[in-house]
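We just call them A, B, C and D in the order they show up, numbering each chain from 1.
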Amino acid sequence: MMRFLDMGGYYPWVWPAYAVTLGVMGLNIYWAMRLRERARRAALRRLQTQEEP
Amino acid sequence: MTWTWFHRLASPPHLYRTAGRLTPWFAWPAALLIIAGLIGGLWLAPPDYQQGDAYRIMYVHAPSAWLSLMVYTIMAVAGAIGLIWRMKAAHALAAAAAPIGASFTLATLVTGSLWGKPMWGTYWQWDPRLTSELLLFFLYLGYMGLRAAFEDLQRADRVSAVLAVVGVINVPIIHYSVVWWNSLHQGPSVMYLGKPTMPPSMLVPLLLMFLGFTLFFGAVVLVRLQGEVLNRERAAHWVEEELGA
Amino acid sequence: MRGMSETTLKGENVHLWRGERHVLRGVAFTVSGGECLQLTGPNGAGKTSLLRTVCGMAYPEAGRICWRGTDVREDLPSFHAEMAYLGHEPPLKMELTGRENLHYWVAVRRRFAAAELEAVLGRVGAGRWADRPVRTLSAGQKRRVALAGLLLMAVPLWLLDEPTTNLDVEGQHLVGALIDEHLAAGGLVMAAVHHPLAVSERGLRRLELGGV
Amino acid sequence: MSELSVVPSLTRPERAPRNAPGAAAVAWMMLERDLKLAFRKASQLVQPLAFFAMVTTLFPLAITPELTRLRHIASGVLWAAALLSSLLALEFLFRDDAQDGTLEQYALSGRALTGLLAAKTAAHWLLTGLPLALIAPLAAVSLGVPAHALPGILASVTLGTVTMSLLGAIGAALTLGVRRAGALLSLLTLPLAIPVLIFGAHATQLAIRGQPYGAALTLLGALAVFGMTLAPLAAAAAVRINLE
């Protein structure tokens, strides 16, 4: 296990590279969900204001 | 007649529902492929005889680079379709794709420089591939900056579509001029990519990652697409039905 | 259809959105040769939007604009060659003189003789200041130079947005007279106005746009 | 009013008025108009040139006054300065005309906007690109460049600024509807201008070393021709969208 984590001595570069990429993926998922949620709320708001007149 | 599916897909309610239905079909295979690729790339594949374990950065670097280019092309094609046929759905797709492409371009740059440190002894080398990627990142920034500069979504869609088309025509010119420039000043790139004699134990995880990243993009862009379609919809009854207002 | 030769401008069920606002909701109108359509309505009722939609500068969500029986979007350049649009502000370069402005504005469309330019300037009463830089002219004088450009284009369809803005009483009568003459020659006018135009009742049609 | 002969044009629904000037005449008229307007506001013409001279002065002051060392970086300095100065006046390429409504009149004139914008871009190049190309050899001398390299510098900057004006026209058209567009315009235009920078600086470097630079000039020329065919189309599309 330690040998795996050590990555042949290249651990200071290999693990950050994976962390950055997986982090970008996580952020993308989060941003996408947030965008869709906000759009849904905005659409609902528009529907409510349009029904009044 | 063959065009009916095209127009049906482009109608906002249909697109919204289809995108919602398709998302899991992209998300789960993407997750499985990426996990398999990670195990294969980090654990099962043997160390490289030249680069040792540092080459394993390739398994995240190369698929990110592939996404950065693919997404820009998708943006430009969608933009052109949106301009020619005045199709809001295509513009929504371009708008949904841009931030994903930009973020993976940034990931490519960061992983590339992390790979560069053990290989070149420096985090940044004016290597043609990294330089092109940096310029692509600027193109993405310009595209998103232009989009953000307009209040009116319709106008933002169409103006940025023109930019994406101009950009995609220029990307190969920029890339080849950078390669040409680099060949004048230093030797060829030391990166690992495109080595023909890669053993299957190294190659298979890479292919899994390529496919996994592409499907991941598909899943994320579908979720974003739903949001962008809603943002472009004003007072349609289908929104009411769909959201249960 | 005989429509090709009829000089008719027709709007059918025009819907236009500006951002979040549904500005035009199913507007319909018809103007034929010799007729003036006067657009009235409160601010924000969509008078300017309708004019811009007609000239192809705004894209309607639904409906169409037909000129001589065909949708203008099928061939915008030919339609533009037969129409003139005057917006809120006279489209003039401040650094150029009135005469230079008219030259660079109209001569890209059609060649005209010097005598014709003089006749037009005389008609709008702009002959005396036509050689001064537009920067030095009053708002009313600029408006007159713009009217000279309108005449000089010699097109059948006029689209006018508040054509009497900044004009004195005499100038407002001039606009009325110019429109009357244009109609008498078989032309068409569509004008957005706050105050009714000083034109003869014959050939005058009205379209009231509702506010939101 | 019968002498104004409005009537004939009413009764014949033909494609264009019979006495419409040709496309070349229209383009020429536009070019003449823009040149005339520019010379009425002459101070704006000098600014990009002064900027270019200023930037090339910064390098000797920042790095070294030794001409032998400056000569090595001269091509980079000249091209970075040329690119930046040609961006300066771009924001107003179409903006003035859009604000006073004259651009709208041209868009509604029934004439091809592509040709009109190409003419405006040509005027812009004559007013900024060409003067830059003419003073670039002077700036080069001040950076210790030998005299035999000056024709090559003149030729390469001339060709390079053509492409810069064309790319700039696209950027200016795209940002026409944006209020403060300066920084955005540079962000859009500069990445597209990288090939110009690479080929131009390379041609200049070869010229300074006394080597043949024809191939690099050919590449610059190819970029310019490519730009001429496509940039006015893109600019016209963007202007139409922004006038809406």
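Here, a residue touches a chain if its C-beta (ideal position, glycine included) is under 8 Å from a C-beta of that chain, and two chains touch if they have at least 3 such contacts.
What you are looking at is a predicted structure, and each value in this text was computed from that prediction instead of being measured.
Any chain touching chain A that also touches chain C appears here: B. Overall, the chain located most centrally, as judged by its C-alpha mean against the mean of all protein C-alpha atoms, is D. Distance from the centre of chain B peaks at C, each centre being the average of the chain's Cα atoms. For the pairs B-C and B-D, the larger set of C-beta contacts lies at B-D. Between chain B and chain C, the centres computed from C-alpha atoms are 48 Å apart. Annotation: 42 Å between the Cα-based centres of chain A and chain D. Between chain B and chain D the centroid-to-centroid distance comes to 33 Å (mean Cα coordinates, whole Å). With centres taken as mean Cα positions, chain D sits 34 Å from chain C. Multi-chain contact residues of chain C (touching two or more other chains) are listed as 20, 59. Annotation for chain A: residues 46 touch two or more other chains. Residue positions 244 of chain D each touch two or more of the other chains.
Remark: the chains found to touch one another pair up as A-B, B-C, B-D, C-D. On the chain C side of its complex with chain B, the touching residues are 17-20, 22, 59. Only residues 83, 135, 138-139, 141-142, 145-146, 149-150, 155, 158-159, 162-163, 165-167, 169-170, 173-174, 177-178, 180-181, 184 of chain B touch chain D when the two sit together in their complex. Chain B makes touch with chain A in their complex at residues 38, 42-43, 47, 52-54, 56-57, 60-61, 64, 99-100, 103-104, 106-107, 110-111, 114-115, 117-118, 216, 220-221, 223-224, 226-228, 230-231, 233-235, 239-240, 243, 245. Contact residues of chain B toward chain C in the complex are 86, 151-153, 234-235.
Residues 170, 174-175, 177-178, 181, 184, 187-188, 190-192, 194-195, 198-199, 202, 223, 226, 230, 234, 237-238, 241-242, 244 of chain D touch chain B in their complex.
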